[in-house]
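After this come two complexes, each holding chain A, first together with chain B and then together with chain C.
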Partner chain A sequence: MSDMWINMGPQHPMTHGLWNLRVHIDGEMILGVDPEMGYLHRGIEKISEDRHYNEVITLMDRTCYVAGMAWEHLYIQAAEKALGLEPPERAEWIRMMSEEFQRLASHIMWYAAFVQDLGLMSPFLYGMRDRDLILDLFQSYTGGRLTYEYMRVGGVRNDLPVGFNDRARKVLDWLEPRLVEYDRLCMGSDIFRRRCDDLGILKAADCVKHGVTGPMLRSAGSKRDIRKDRPYSRYAQVDFDVATAESADVTGRYLVRMEEMRQSIRILRQTLDWLDHHPGPVLADRLPRWLGAPYAPIGREAYLLKRNYPKGIGLSAIEEPHGEACAYVVNEGGEHPYRVKFRSPVFANLSAASQYLVGYHVADIPPIMGSVDVCVGEVDR
Partner chain B sequence: MAAEIEKKQNPSAESPTGAVLKPLATAARQFARSLIRPSTILYPFERLEDPKFRSEVAVESGRPIGVGEVWDNYRGVHALNVNTCISCNLCAFSCPDLCIEMVTVPGGDPKHPKKCPQIDYGKCSYCGFCSDACPEGCLTMTTKYELSTPNRKDMVYSPQKMFEQFQRKLPMNPIRLERPANEDAILLDAPLCIGCNACARDCPTNCITMLDIPKEAPKPGEKAAKRIWKEPVVNDSDCVRCGTCISVCPKECLFWGTHS
Partner chain C sequence: MAVTTLWDVAYFLSSGLLGVLAHILPPLAWLLTNPNLVWLLSALLFGAILLGASMINTIMLIWFERKMLGRFMDRRGAMHVGYAGLLQNFADGLKLFRKNTFKPREADDLGFYGGPTAYMVTSLLMFGVLPISSGWSDGALPLSMLLALVIFSFAPLFIFISAWSSNNKYSLMGGMRSAAQMIAYEVPILLAVVAVVLVAGTFDLNQIVLEQQNYWFWGPLFLALLVFSIGMLAEMERIPFDLPEAEAELVEGWNTEYGGMLFAFFMLADYLRALAGSILIVLLFLGGWTLPTYVPAVATSLPLAGIIWFMVKTYLVFGVFVWIRAALPRVRTDQLLRIGWMRLIPLSLVAVVLAAALVLVKCLPVFGCVPSMGG
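Let's look at the complex of A and B:
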């Protein structure tokens, strides 16, 4: 008789964005949960159908506001496959570097928000301070700190500025000891371990059943990582390990993300070394005129484009900081994509909430949901 | 895996003092450092766009707030050089948010008034597509970022207001889209042309001239074709590829192509 439903959200410190977790409780015990998404739906897939291939990039930065580069990369790969274009080699490496920097920034952001959910205020400030350095790097070559608009169909907007590689190495040198510090603050604390161990357990088999991917899946012992399994961009040419943990709980997810940051730094060092020695073009020449230039086809060109341009379908999957994201772009001729569809990893991770929340206490919800790394922008799109 | 090894070394469990003191020591070290080198700036007084201050807080200084010379690339409020603007409409064309409107500015002959972009910053997403598209380099983005205003109408920047930004000589964003050399050209489907002069009249760079062509003798039994015996010739080196001529052509006889 004492059971009841409570709403955590849409405005709640636990939610990290606009979504609502309806929790069925009996005293302190969680009997069931019902995540409600859709408060941030902007219709990005539909708007994309009315924009030029390059203009969709402005939406990609806003799809996930902590991993804009990764989503740009995802969309651009699919659009290039649909249009049958090939970017220059250097552009591919710059894209990979951007994505890894974004993964680093996103994981630091996650760390800052996650420990704040646990009530630790100072690691939050350390995380935000260190993430700002990566944003400064982004600003130095894209011009934006959060919305980069950097990648273009057929390459990237501009080459790296002079001295960028040295600045980037200095930032990596600064970040590496900080990661040790983060670990000392959290893993060194018995209180943290007591709060997070054996919490929110989701085994690998259940993860696969519910489409849960990314650090949550790897924390359950699975070695699944698209960067290794189906290497895209130039990930086949760099050396890195897939971070895994066995415990499948909140601590495991923490350890996986921390290890991923170290691996990202390792990838970034190799990428910067490659970029040092391989100058070259960053945007494909021989682009169709309406792609390389800002103007739309007019008059008879629009007609011819509709009829004669090679049609195609582009499908790409990348290992986004939150999990496996997928984009699907249909090119039916013309300057707009006919259909754009995205698979958001966080949507699947959130939908399985009842699998890893039921049976725990209400006070466990913030650490568990914090370890999922929710970004509502990409859940609702 | 380092992560797994670390997991096994369970930290100082069962001894609460050690468990609490270990993270506390890290935090104390951070606190001590922040007394000497704070990680924040006094914003209105210290600004990252100030080059002198920037070098003080670069990563190597140990007080990392910025990474050094990065500010000039920032995409902020636009600066417009009204004098060199050729009214080609490319900025408005390339804007994904449709926030650019071409408005008439004083100067320019009364028959064909000069039009320059007016930007509504309430809609602008600062993507920089417009400054990438500008063929004359007269629309650029500056490092100005303070835009807050109590009045929504103030968000609309007229060409004159953006010209003021230009005259303030703020650092302009030096990064532009590295676009490969444009090989496209405006081609003419001569049999369709009626010589109406619309393309030459509206060309923003005046690169189209109407040349006389020989008057064709009518075929036996037919009347002479009704047309002005002139044909547009495009000077490719002056052409900015804005497509205005194609859009104004009443017979759709101009089209994009390559000379080869």
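Let's look at the complex of A and C:
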């Protein structure tokens, strides 16, 4: 068989979303790849310019559909900086808790999809089963399981329900031994190690060159984690380690994510302890009326607002489950953001595909792309 | 006690049926009592019984796998159609049957339709030579095991034909993987069978089972059993060796372009082959329909006890395959071929040597002396 191009996508089991990986193959060997994104572009950044600050949150849940909370957090931080608002202390901790729960849910989802790509069927359902418990928690305090619309400019929508902390602890107690089980199913399997070791190698220097961040970068030995390097929210007040690995391959990325889940549980326990003892308001009380109000101001009120409200620029970066995400919100006065721009970590990780795919087999594409943890929603936005 | 064979049953049914017809329609009695016609009808009935038995067993096998996989995955499997989902597969089959069969425009007609049909037919053909109980096909075929393996090895040809004629790159890659894999694993399977033949001294599956009345072959021929089982796993294209239809990278491998009833053909034939593989393992290594002597005689004297025990063993063997499927990831093409050529073939050669040594010694302290060894 001479060399040929095959399209893996836009609808292909490997893609986990809607994108196209054009692969140039010779027999089973990969000669070159050409990732094509844009099939899921919804113009979220442009739509945001026509929405109130709080209405953009709805779009954030849909930006990355497995890490909605993280993207809400990202946007809210930038929006608050742009508007010059400060959330109450308790709201910050609740946000941090939400983000860590989201990281757990996202990593479990990644685990489930990744092992499914390798042909391991049972852990897929174990992962979905355990992720459901976290979604139940989300449902108990936000009402949503996937699209929460929970955070608000100046805090969060509502406080945690009665008994939430104990339920959350129970979930963590259940999850911790499950992580050991996950590990045993994968690292204990010889076939798994043979499939994943020395596969899809991307060294730290190449990661930096191509803007690859997150678990992929940390699996190459780098200790870069925004939660540690430039602590946002209340990450400076909790105790956790940055998960790293040295091998820079698929196994390394697997190990990093597994360790991150354990660290997330550690952070969550501390956060829940804090929340136990610090009741308080969760939404800033001196919000401009139009930020709290469900309707748009009209007429003279809107005019005054536009003239009087302080202008500003908000920039925030968080360690999203997939990597480093960044939001940029420009407030030119008025009820809508003037410009909203996001940096998607997966977009950069995916764009470097030719760096870590060429030279391997066609059968290696699913595990390698699985280890990247693609979320097309945030790639195309 | 004379054993009632399946042919006797078919002949009895056929002559009875024609006799009743001749009684109702006296003018046609000269035709209906013609021994050739009776023979023809009993041959058809024989085939129909085999077809029905193998099909029903296959569908039950799928149900068994779905339920067992469900339990492995912390869920319950099919639940809604019939008791505990027993009829779910019939419903699925009906759905596939009602679907429109379509063919890609550039696909080759003969290969596209002929491939699955031939694959299905050869898979079904195998059940004609596999004895399920002492009376199934008694002494009819002195080389029945060889014939079964020959029919078993037709598959890569037809898979490759249907994959190639689909005119799809994924299908082609899946077909090539399938052909490479099946041919690679054919060799160790045959060598493992040689070990069995050396010890049993016959190619007749009936005789091989009878040889195992005193001791089953899995003990002395454990290495051969291991090689044979792994090879069968690859021949059945089940996880961890399901690369030809690795859905993560090849969509659905060689049956990507097939839908509706043609797809159902492939699925059914796959499970027919899985059933045949499990049956072969039971026949060659696990004593077929016989039971160890310490089992109370009442267990073996029940009506149809042979068939029942045989099916229990078959389903247990298949259960092990399901277990493997639930627990292991898929290997890569080059790893698969390396396992086949570099590990299994030497192992199977060792198994043959061990079997030859067993025949020379004629006696194995652990398993007791073998009465008929060495002819």
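Keep in mind that, in the parts below, the second predicted complex is superposed on the first by the 380 of 381 C-alpha atoms of A that agree within 3 Å, B and C clash if a C-alpha of one lies under 4 Å from a C-alpha of the other, contacts with A are read in each partner's own complex, and residues count from 1 in each chain.
In this section, a residue touches a chain if its C-beta (ideal position, glycine included) is under 8 Å from a C-beta of that chain, and two chains touch if they have at least 3 such contacts.
Everything numeric here is computed off the predicted structure, so don't read it as measured data.
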Touched partner set for A:His41, first chain B, second chain C, both or neither: neither
Touched partner set for A:Gln116, first chain B, second chain C, both or neither: second
Chain B versus chain C as contact partner of A:Asn158, first or second or both or neither: first
Which superposed partner A:His278 touches (first chain B, second chain C, both, neither): neither
Chain B versus chain C as contact partner of A:Lys223, first or second or both or neither: neither
Dominant contact partner of chain A by residue count, chain C or chain B: B
First (chain B), second (chain C), both or neither touched by A:Ser189: both
Touching partner for A:Pro13 - first (chain B), second (chain C), both, neither: second
Touching partner for A:Val171 - first (chain B), second (chain C), both, neither: first
Touching partner for A:Lys311 - first (chain B), second (chain C), both, neither: neither
Chain A positions touched by chain B in one structure and by chain C in the second: 122, 125-126, 129, 185, 189, 191-192
Contact set on chain A toward chain C in their complex: 1, 4, 6, 8, 12-14, 28, 115-122, 124-126, 129, 185, 189, 191-192, 194-195, 361-366
Footprint of chain A on chain C - complex, ascending: 69, 72-75, 169-170, 172-173, 176, 239-240, 242-243, 246-251, 325-335
Complex contacts: residues of chain B adjacent to chain A: 1-4, 6-7, 10-13, 15-16, 18-20, 22-23, 26-27, 30, 39, 59-60, 64-71, 73-75, 90, 93-94, 96-97, 125-129, 132-133, 141, 173, 175-182, 184, 241-243, 246-247, 249, 252, 254-256
Residue ranges of chain A touching chain B (in the complex, touch as defined): 51-52, 54-55, 57-58, 122, 125-126, 129, 132-133, 136-137, 139-144, 147, 149, 152, 157-159, 161, 163, 167, 170-171, 174, 181, 183-193, 241, 243-247, 251-252, 255-256, 258-259, 262, 281-287, 289, 292-301
